[in-house]
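Pasting a structure here, questions to come.
Which chain is which? They are A, B, C, D, E, F, G and H, in the order written, and residues in each are numbered from 1.
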């Protein structure tokens, strides 16, 4: 955990695991994320985050995690939330 | 060829090949064939033969053959003759 | 004019090794009649088999013949066909050979749509090894390795080959020898991968274990329990349980593998010339 | 409460070996979320794989894990499941592993209806060996062994598994990660053989060879070219060319193998007692 | 002492079972014993052959070469094996099935074995057990008691009575012939 | 004389191609040559390494152990291989990518190789060829002519011009540095 | 039916006996694919295993059978398969996996005349070297070879015990003749049979290192699904079981695999001999040929020839020392075998030129008769 | 780009070179299944074969690949496949079929560290014995083993020629290091390369006996589809090609298969040596290890040690006489190899105790360096 866990940070990024593929950045519906110089992800607009978990679900490297997570119902994916950007 | 090839014999049986399975006997629509003591086939009622080729087609041992054979059309099986006993 | 079966047989080896009443000989006759009607030159026909009672067929046939390893007939045949696309390559195989150990080669040959004609002699048993259950043995039937009745279900091989991409798919039984021969003829004429399932009797093992009576009884059983595809389509699936559905299930026109490969050769030669 | 993914990972080995943007990690996440939602005890989960990039998954997972030989995962898994029917045995496999060398084990596991959940990571390429075409590579696509475009057609693996007897069959892509996870969850819950095809991106080989852009581009491509099974059913087959049909294709209730075998044990014990 | 027995005929006559019964009887008499049968291309239909070696010491080489006792139950078997009998060996032929006997160095005993069985049991399938009765009475290989027990324990369920009848018929026929000679 | 060269960095920098180009140039100069590269778990992303041996006699043992010339193009490569250089060997580092250089028995030359390439061609992908320019100018392994030819014949179709520009830029940078020192 | 010493006296085929012994040895899982001349083993187990709550499955081929056997063994079930030449060839890749991942199992190969389909119902002893070298890469192997039906019983039990004790695949080589012949076997009661089971961890799951071995070189093996979650891979792995490419660890694993068998070599080398003491000609043989060899030396002794014999019941690891010792004491070693010369290669290695080594091959599908060996003994 | 003697000078990987040589040798059919470290051979042939009208197919596995290669060869096409350990294990059954039915083909095995998945990208020399004994039943085999890229060229051509001349499968064993390294190769023109093709019948089809051999033991082989309709079977067969179980015919076939290779042994045994004349220590090695051996004896000579070396380019049939001769003349033979000791077994057999035979094994995925062998030479 390189990002400190504090209430203001909606998602945590494990920098050592992130490979900078850019998927979370592209998939975030709120444009919360951006690439740093080394390609790895940084939180550019944490305040816009809606904790939709798309970044977490789409990250192939288990490198990004929504703090606290969502309700079991939502995590189950059973609600009719459409897929990321779909 | 143990049966002599003569015009009166509608089907020839190769005794050395026949294993006496009885299929031709059962399938012949005209009951032309019968089993000898050793189980191999003999012509009991050659005169009833209609040269339908069922015995030839159904013999697993290539042991029985209709003399002369039928027209190409029939041999092709393309006519709507139903299968043996079907 | 009758088809010259004798001319296709290596008569010096007859009578063949199959048991009295074994249906394999009926299927073989149907295949030879199909070849005869098509009048294929003997030098251009290649027969390939694996291992099993069914797979002993090529040894009796006066063509280019190969008796390969268990389950691999289609892979050998693929090599032959691709190297010599002008040959008529016909694979004669058993249900164990084709559906058990050889299942993968079967679905891949179908997918590639290689121009092979495959006739599967399906007696629902491993005959050659004395009667173990096969992937075509229905659940509940007895076999030497199924003393309490078979736990497994059988494949619907025609459906499987079709799903894998086969270009011609049909099924008949030894009770329908004429129909069977016609299907084989159609199979040979269809470009791409063609598959004919020939349901047949093994009186020695399947028949005896399952108290099915004589070879004639088994043929009769096939006849009574077979139903035409068209008729079957109109029935409730539940009513089809235990029935043998016969007919031509599919006849397509997907391009044959070696023809597509010829285009690759052209492209490659162009690329090399550049 | 979120699913405890970290608890399922052998985090000491992270980051994993997969390339940046490889979709395999997305599929793995979907599988782990399904396990998490079902709250399966870790000791009762067994993950089995073959060889390939996809098949490296079990090494990262804190369950009973086996990384077997290429193509044989389902056969190993069959042994595990039959010996210990109470375990949840999940097979993670690639398209090469499952559809090429392992195709026979796949259709036979489906036929037997052994209670295994199989997730096939389909990137349409052999990733681990640097990009040769696979049985899931569509005709015309490029690969290191298809420099002139692939001659072969791909399987419709869902259709094939269904035809072989699979009791649950579904497909989704990495662009549909939530749906995919739900399918895996349903697969685990369905008794008998369950198969989920997860269409995924190999940006390193398939993507690069076929000029498909970044991993994000590939995911977008999946999203745009996918069509729901229900919607697809209404379209002309010709319009489906090149499309990825996603959805749950089948959910059955055929009896699971080990349950049927338990009946055999009962019958055998009775017979022995007699 | 080592005695080699060969039972030969065609598939379906149950000669392998006969061999097993004989071997099992010898085992219960306390002998060392080896029973084997031919597999091979003949396995599919055609010829059938069972062999038994009965000995008082451990049996090293387990193959029959020149049998002391030879049972011949088909013309084909006769042609192939009649010559294999050892000098002075016992050769028993089913005279109902065999048309001619080639030269042999054994002593030939003819019995219409299959007919004897059919007469006793109504079933030709029990000829194998009738043959055992004949053979053991002539060649004295095992105790009649053990043979009876082995028949009962090895034949298919529900056929013990029929087979014991065949055995008795075989024994009786051989004894009668012995009395005559 | 046998000279061992190791080119190391990360996947995607084209170092294997650089090794092939260098080897091909040496071959056309009439030398014996062996080029190899690491495979292994690193193959999937991560580190990359190419090795070349140039010799005037047949090359028996084909592995590089203590390179005479070492190119380091990533921190990871630097950490792993800096120590492998032979006493007094030539060690060339991409000073734009590498933050710290561990101890080495070679003589270190620093060049911002990737930056040089980007400046000359606008494309960082040509850093491998720029590195060859630098390296060959410092270590004098092959004739500049052969190197140029090898670059032209081995780089992907349509990129010869760009790569030759990178080569020239690398050579120029090394020559300039030589002038300075 | 009480027999010798209260044991159950039975007339059993070699194949039947193997199946019976397997069940008594604790076998509870069989996966196989039928092939002559081994099929009776599967047939009998399909009937018997469910009677004792075990599982029988007929797989789609031999590759899958071997895989299923390994999978079942991972759950703790004693497992076996049986096959013949063509199937043995197909199993090789997964036998290597079992050897490398140290999963106990028993593989029976009832040999027939090869190569390829060969003569499926005729005997040969031509898979000896394949048993040793059939899979790719270095791997040690244990192979036992009975010559009588009672030995089949004994060595089947031993095969399971060795597999478990050393965590290795054990190959039981049989001759077609032995597999198909019936002999008298005194079946002991279950209680009389010594049964060995794989070593179990004595540490809690958190401390379990699945490939950390004690002095005997054999790591404890926790069954899957018992709280020990470990990883099995055919890649090189270290004590944790996870992949490694570190050269010293690679070296250590490979050498341990060999040394665990070498250290147990004495315990697992079974032989039987006759007239060895004063022999100047010794016949070395295995399987059915050893029976002819035994008779042949008796016949030779009757003729006043000082002949002796050794039967190797353990073929692999090969008893080089034992054979080497003999070579140092005698004039000639004769190696009769039903192949083109396989065992003889190892005998020559062991002999190191200290005596003459003469082979006698028979490759026509017929067993070697005692007289043939006598002739070879007499011909100097 | 004209090079040595007007030849085309190219910097080629061992694998690439193998593919190029195959095409020049007349190969027109390749079937394979990808596996590291052999895949480049397939990749290059997928591009090059159609350019010359040949066929490339990627099969569903290695078993099918081997089958397709045999099938294609039956039509007269020179055919090959390439693989590595796990795939080599899978091909074994069909390699036996090719050997037994005498269908010419070339099988390349670019070895990696095994067993099982092992270290897929690291070198080892541990499939030597498998190459000899991998399939069931007796079968002779030919295996060649290059140590440099130019040797890859040379031995690939020879592999095809031997396959055709003797109607045998020929195995080309390669080390991962050789397969992946690039070296200078002078490619001759097609016209400079001697090409051998399988013997053809000189009788009309009615008189053709597909398994009747002349004095060289090699029967003429008519391509399928040319009017000679013959039968191919993996069962024992007589001169007609049809199955037989007659013991004398079975015996005759097996012995001919061995003798046809034995009679050609001198022609197909390739070695290379250095400082053999006066050596009292000789290093015997193959593949990449032979290069280290060569360097090591040079280094030893510099130290005044009378060391020499032999590189075996033909591994099977093993040159027992050659090695035996050396053993009779020297004090010590050292056998360095990247395995637990495989070649050494054959050297010991050949040496028959006439000199000391010492092994040096390295099994950690790293090649053996010259210094290691020097140390072994120095340690007496």
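FYI, contacts are C-beta pairs under 8 Å (C-beta built on N, C-alpha and C of every residue); 3 or more make two chains touch, one makes a residue touch a chain.
These numbers come from a predicted model, not from an experiment.
Visitor: With one step meaning two chains touch, work out the least steps from chain B to chain F.
Guide: 3
Visitor: In this assembly, which chains make contact with chain C and also with chain D?
Guide: A chain counts here if it touches both chain C and chain D, which gives G, H.
Visitor: When A-D is set beside C-G, which has more C-beta pairs in contact?
Guide: A-D
Visitor: Just how far, in Å, is the C-alpha centre of chain H from the one of chain D?
Guide: 39
Visitor: For chain E and chain G, what's the span in angstrom between their mean Cα positions?
Guide: So the centre of chain E lies 36 Å away from the centre of chain G.
Visitor: At what distance in angstrom does the C-alpha mean of chain H lie from that of chain E?
Guide: Each chain reduced to its C-alpha mean, chain E and chain H end up 55 Å apart.
Visitor: Mark out which residues of chain D touch at least two other chains, giving numbers and ranges.
Guide: Only 18-20, 51, 67, 69, 100-101, 103-104, 108, 135, 148, 261, 264, 267-268, 271 qualify.
Visitor: Which chain F residues reach two or more other chains?
Guide: Residues 40-41, 45 of chain F each touch two or more of the other chains.
Visitor: Name the residues of chain A that each touch 2 or more other chains.
Guide: 19
Visitor: Looking at the complex, which residues from chain B come into contact with chain C?
Guide: Going by the criterion above, the answer is residues 14, 16-23, 26-27, 39, 56-63, 65-66, 68-72, 75-78, 81, 83-86.
Visitor: Contact residues on chain C for chain H in the complex?
Guide: 10, 13, 42-44, 46, 48, 51, 58-59, 62-69, 72, 75-84, 86-87, 104-105, 108, 261, 264-265, 267-269, 271-272
Visitor: Please output the residues of chain H touching chain C within their complex, sorted ascending.
Guide: By the definition above, chain H touches chain C via 28-29, 31, 47, 50-51, 53, 55, 57, 59-61, 63-65, 67-77, 79, 93-94, 97, 224-227, 229-235, 242-243.
Visitor: Over in the complex, which chain E residues touch chain G? Could you list them?
Guide: Interface residues on the chain E side: 20, 23-24, 27-28, 32-37, 39-41, 43, 59-63, 65.
Visitor: Under the stated contact criterion, what part of chain G meets chain C in this complex?
Guide: Against chain C, the touching part of chain G is residues 33-36, 39, 42-43, 46-47, 50, 56, 58, 60-62, 86, 116-117.
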